[in-house]
């Protein structure tokens, strides 16, 4: 019987021995790799840099699509930004200044390239630019690219952004409706398609070596919309795209190429741009590998390889950073304390983030089959449909939020209270504008006035929602519950996390009560925030019920329209300030917070700068290590 | 073997006694939860109170003797009320799914033939989806919540009992006393109840006691993956999911947040351990072949 | 035996059909807008109600269920398993990408689990009621009670956080560089195997190093499982008459145990191996999540959470098929071990 | 028979230490076996007869069993003192054993040939091919038709009688000096029983070995034994040659057993049976262990254990009142039926 002990012991010894053998091997393995590095890079101070030839960014999540005209998320945008190029780009981190990119000049009134009171934009094109496959860039490619984007216009995609300045509508469907009376662009016949094409084509013209955009109305943020970093304006190779099975460039084929699904989109996983990096390999959810474009029209990038890895597990990202395997990692706000003070790691906090998180209130809650309003009546056991139509209720809620605690504790100081729909540093944002503060007395005052005092008498019970998994929103909801319930013992708030599917359903079916949402900038202009939050047909405004919509149609929409068609910046500033205070006075939503961004990287990374529009995307061309 | 005898032996066996003592401890904690950890809001005792709004866990201190986990949830409170959650899940899920399994298995074996074939193929279908995946899908569809977790677990966990019961009944069915009852013209219901189920129940009971632990583990796993209990609900699995992003500690002290993982981890492991110890001892007692 | 296997294969389409119907009917409990959430990830992407209805129409979400199911099954028949939104790739590609990681993990787990479990079970049974038996049994019951996500996190905390030994993921970064380089041919996607085939033992060692923690986490649970079954079957077998016969022949104890008892005791163990594979698939969900291994378990869990039904269905089909293969393998090994079945 | 004894068992005590207490399964047993003879050991189940045989083979499971005292002298050596290793040389070689359950006594996953060959190779140190030849030969000797073919079959392909023949072939394959047969025919049909017993008798003659035949069946004893030990509750209660036993049983237990088998030559209107059952080994009575069932038990029987003493030449009995039994027998009374004799 003793033999069995021996066997066990033997197994243990082998296992332990095997382990140590393997760790030793590991050490042996890493050394020669480092020696090689030293040989290649004689400069002594870079000897400690892990992998100097490869820049590794570790992020999380999926990449939606590599098609620049399809993608509408920050992870995709980052890759598009490095592979494709636009006519102009931001002057590094300055979102108000542009420098030429594929165009040789940035149009302005002064240089005469913006004409016709801001309705014509002329871009002289750069020559000797080649795509990664060796094809040369022509003005025709630019025109093709913009038309492809307009024709493709997938549902839920980003193309609405250029429909607005170019055609003053929101989508291709609106254009087809207007021009040929067809509701769904996929139903266009060949003739109708040609008609629509002709209508679209007049907005983008090629004039010799220039590309000319014709706008029906002045649209101040136009340059920002088509600037580098927004895939919409990315220029693709016409010939190559057609080869891949993309839009054939023919006027009669809109129906065939509009609104593709990802699997039907030939550019979903292929890239061929003019940018400083070209795509080597993309495994969605795992990694994207880029390599330097050696025939780049500027100096080739200094780092030969870029790897963007997707790692959902924070602990893993943390260790990769710690070991120097990663040069930049994505860190959720709540884990900042774990990276502060890490050796060889640079933490930059407090970067301005053009983003607004708000509590959206539904002015006309659909009460039927909606458990979140409980009784659905003003009887102390629920809330009526028009609960949030009462301005006192809205103000009461606005005063019952502890903004300072939220910023201090939840955001750990990385942010500020929202002052309205428009965040810093956009036009209309004012540092000392009026805001709601945490003041339970004032909250009580308003709640007492709500529904002519009946609400105070009866009390209410409501369930407010957050999409589960979102800690920050959950905390906001918990806080609100905590403080509102302190005001009156008959006030009862339940906090319920629901899955994204149900959250979306609630929003669409107008059944949400108060829910936390957010909006991040598509381009650097207050228009981009005023519309979704305030306009009667805005992304969020449109879901807030009849009472809101009729009020907004009267009070908000004209102001927004004025703001976007005005070119004088001072006048515009005044208009947006008015909008901001209109939102404040009416307590339209609960503007909760504007977070700041942070970046966590190894301290050997050089040349990094922050661009709030591209956040958190990185433009690797400017980096070195 | 008589029940009294089984219980007597369970109490005599050191291992199962240990298991029984742990369970008793958990039962006491569950029963007296309102006194051990008085809820802040009596209407919603299962919501763990927060000790602040910060996300960073706090180590054990006088006010929060086990510390607070991510989001300042009181670990002590979560453990105490999580005991109730665990019992609720275990008893309800094992109870109902065993009942379904016993019924299905008995019907299949007793009637045999076509009915048996159909039932067993349905069982196969339910068994062909990995349990955890099936429950994730179902809970995602039903929405978060302990009730929904239980529904999903029941839906996908009755099959093993059904199979066990079927094989048990098949062997007992041929026994003389059953044949005799059939010959005497007893009705099906009576035969099934009086003669078959009572004679086959012990292995099912052993299995059920083992499943207590595994059902609680699966429920916690769902919470851990973020589809089980709603955030802030007193549930051990969720408390561990709160710990997930803190296991590497801070620079210089990798064990800085040990309490967020170790305390709830110990609770759930001990709970399952105690049921498994009892189940183990049970089997040893009832399975004379092994002694 | 052959007719039994044939029957299994005949029943396969029925089971797979049932499985997909079951999943499909669960998904169809949701309304079209809820299912739209798979395609709309952020409310900011919504551009008003008409846009939403267009999306619903585009993906055919409000068609009757049989049309949607028919569409899907029609695709499957043609080899098109649909588009997995959660993976951002066609289902077949998503699965093919993740398959090697899972199979590598499963292979490396199965071998130590089954061998280790059997050895421990035999040792325990042979030393019935002695100290070693008690130690092994305590180990088993504790292992069985340890939720794998707790155990996995503890392993990470200690072996990775404190000691820095066992990293998550499948390879170190430097190893990925090698794998991606053109000199390295990826034959199988199993890094250990590819490392050997490329004669690059750095990769082999690194891949093994990354496998230790997840394999250990899986093993701890399933060791307990296999061990218990082996032990109780060994105990039962050792009481069998033919063991007494073997003793009466004067055979040495270890021959009796390893030749006469183990083989008989393994018959029921083989039966549960199929069950284990089923459970292993569940365990992989957790282990892959915790140790950041991009495998099928992680894929299916993500797909399930995002209601990506082509992903779940494709995964389930694939899995079901795999399960049948495993069961077939189990049946065959059953026959190899037990002549009574072979000769039926 | 005064030749040298083949086996001599002296005061053998085999106890089992269980949670409930000590089970004295064999509690001071003496007997001997001479070369070429068949010793029958008879008794009801639970009387310790199998444990006795397993003790000789040293196959009593330990724990819980243990040979507590006594000697088993075989070939000049005390088997109880041998190491397991030395013992293994004896098992299957000098002493072999066949068991009650032919259905389960063969390993189902190996062919019968494999199992016989294994024993031959182990003890005779021959090549596998030669071992196989011998195995076939053995199968032929035990009367298995087509032995060449049968040798490669698995146990489940054979009938019970065939399997018992295989067991016998296996047991005899190394020419043992002693064959212990533990209820070899109990599980078999009556016709097969007879064939097997006949086979054993034939083989005994041709191999010149001794047999220890353990059975509860006096019919079997009558057919094959030379001498008989009757066991009750771990002890030998009567020990004599087979003819004497049948003609003149002296122990009330033996007598009871005897009367429970139908006899053709006597006109008995009904069979007798011993009332009650063997007392639990955990709970043996004081005095004579048979006193709970013995119609004659009185006084001393309840306090003192009777010794195994010679009641006649070559006839030992363990009873205080065997002489009284004699008188009852002479009066032609029945002692068990109808509530026993009038005490």
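Order of writing sets the chain letters: A, B, C and D. Residues in each chain are counted from 1.
The working rule: a residue touches a chain if its C-beta (ideal position, glycine included) is under 8 Å from a C-beta of that chain, and two chains touch if they have at least 3 such contacts.
Predicted model, so just to flag it, every value in this text is computed and none were measured.
Each of B-C and A-B has its own count of C-beta contacts, and the greater count is at B-C. For this pair, chain B with chain C, the centres built from the Cα atoms lie 22 Å apart.
The distance from the centre of chain A to the centre of chain B, each centre being the mean of the chain's C-alpha atoms, comes to 43 Å. Rounded to whole angstrom, the centroid-to-centroid distance between chain C and chain D, based on C-alpha atoms, equals 55 Å. Inter-chain centre distance (chain B to chain D, centres taken as mean C-alpha positions): 53 Å. Multi-chain contact residues of chain A (touching two or more other chains): 315, 319, 499, 501-502.
Shown for chain C are the residues that touch two or more other chains, namely 30, 156, 160-161, 289-290, 307. Pairs of chains meeting the touch criterion are A-B, A-C, B-C, C-D.
Interface of chain A with chain C (complex): residues 1, 3-5, 7-8, 11, 19, 22-23, 25-26, 29-30, 33, 50-51, 54, 56, 62-65, 72-73, 155-157, 160, 170-171, 173, 184, 259, 261-263, 269, 281, 283-287, 289, 307, 311-313, 315-316, 319-320, 325-326, 499-505, 507-509, 517-520, 532, 537, 539-540, 542-543. Here chain D touches chain C in the complex through residues 57, 59, 63, 84, 87-93, 96-97, 99, 101, 104-111, 115, 118-119, 122-123, 154, 156-157, 167, 170-171, going by the rule given at the top.
Per the touch definition, chain C reaches chain D in the complex via residues 129, 240-242, 244-253, 260, 263-264, 337-340, 343.
Chain contact summary for the complex, chain C toward chain B: residues 11, 14-16, 18-19, 22-23, 26-27, 29-30, 137, 141-142, 144-147, 149-150, 153-154, 156-157, 160-162, 232, 235-236, 239, 278-279, 281-282, 285-286, 289-290, 300-301, 304-305, 307, 312, 315-316, 319-320, 323. Here chain A touches chain B in the complex through residues 314-315, 318-319, 332-335, 337-343, 402, 405-406, 409-410, 412, 468-469, 471, 474-475, 478-479, 495-499, 501-502, going by the rule given at the top.
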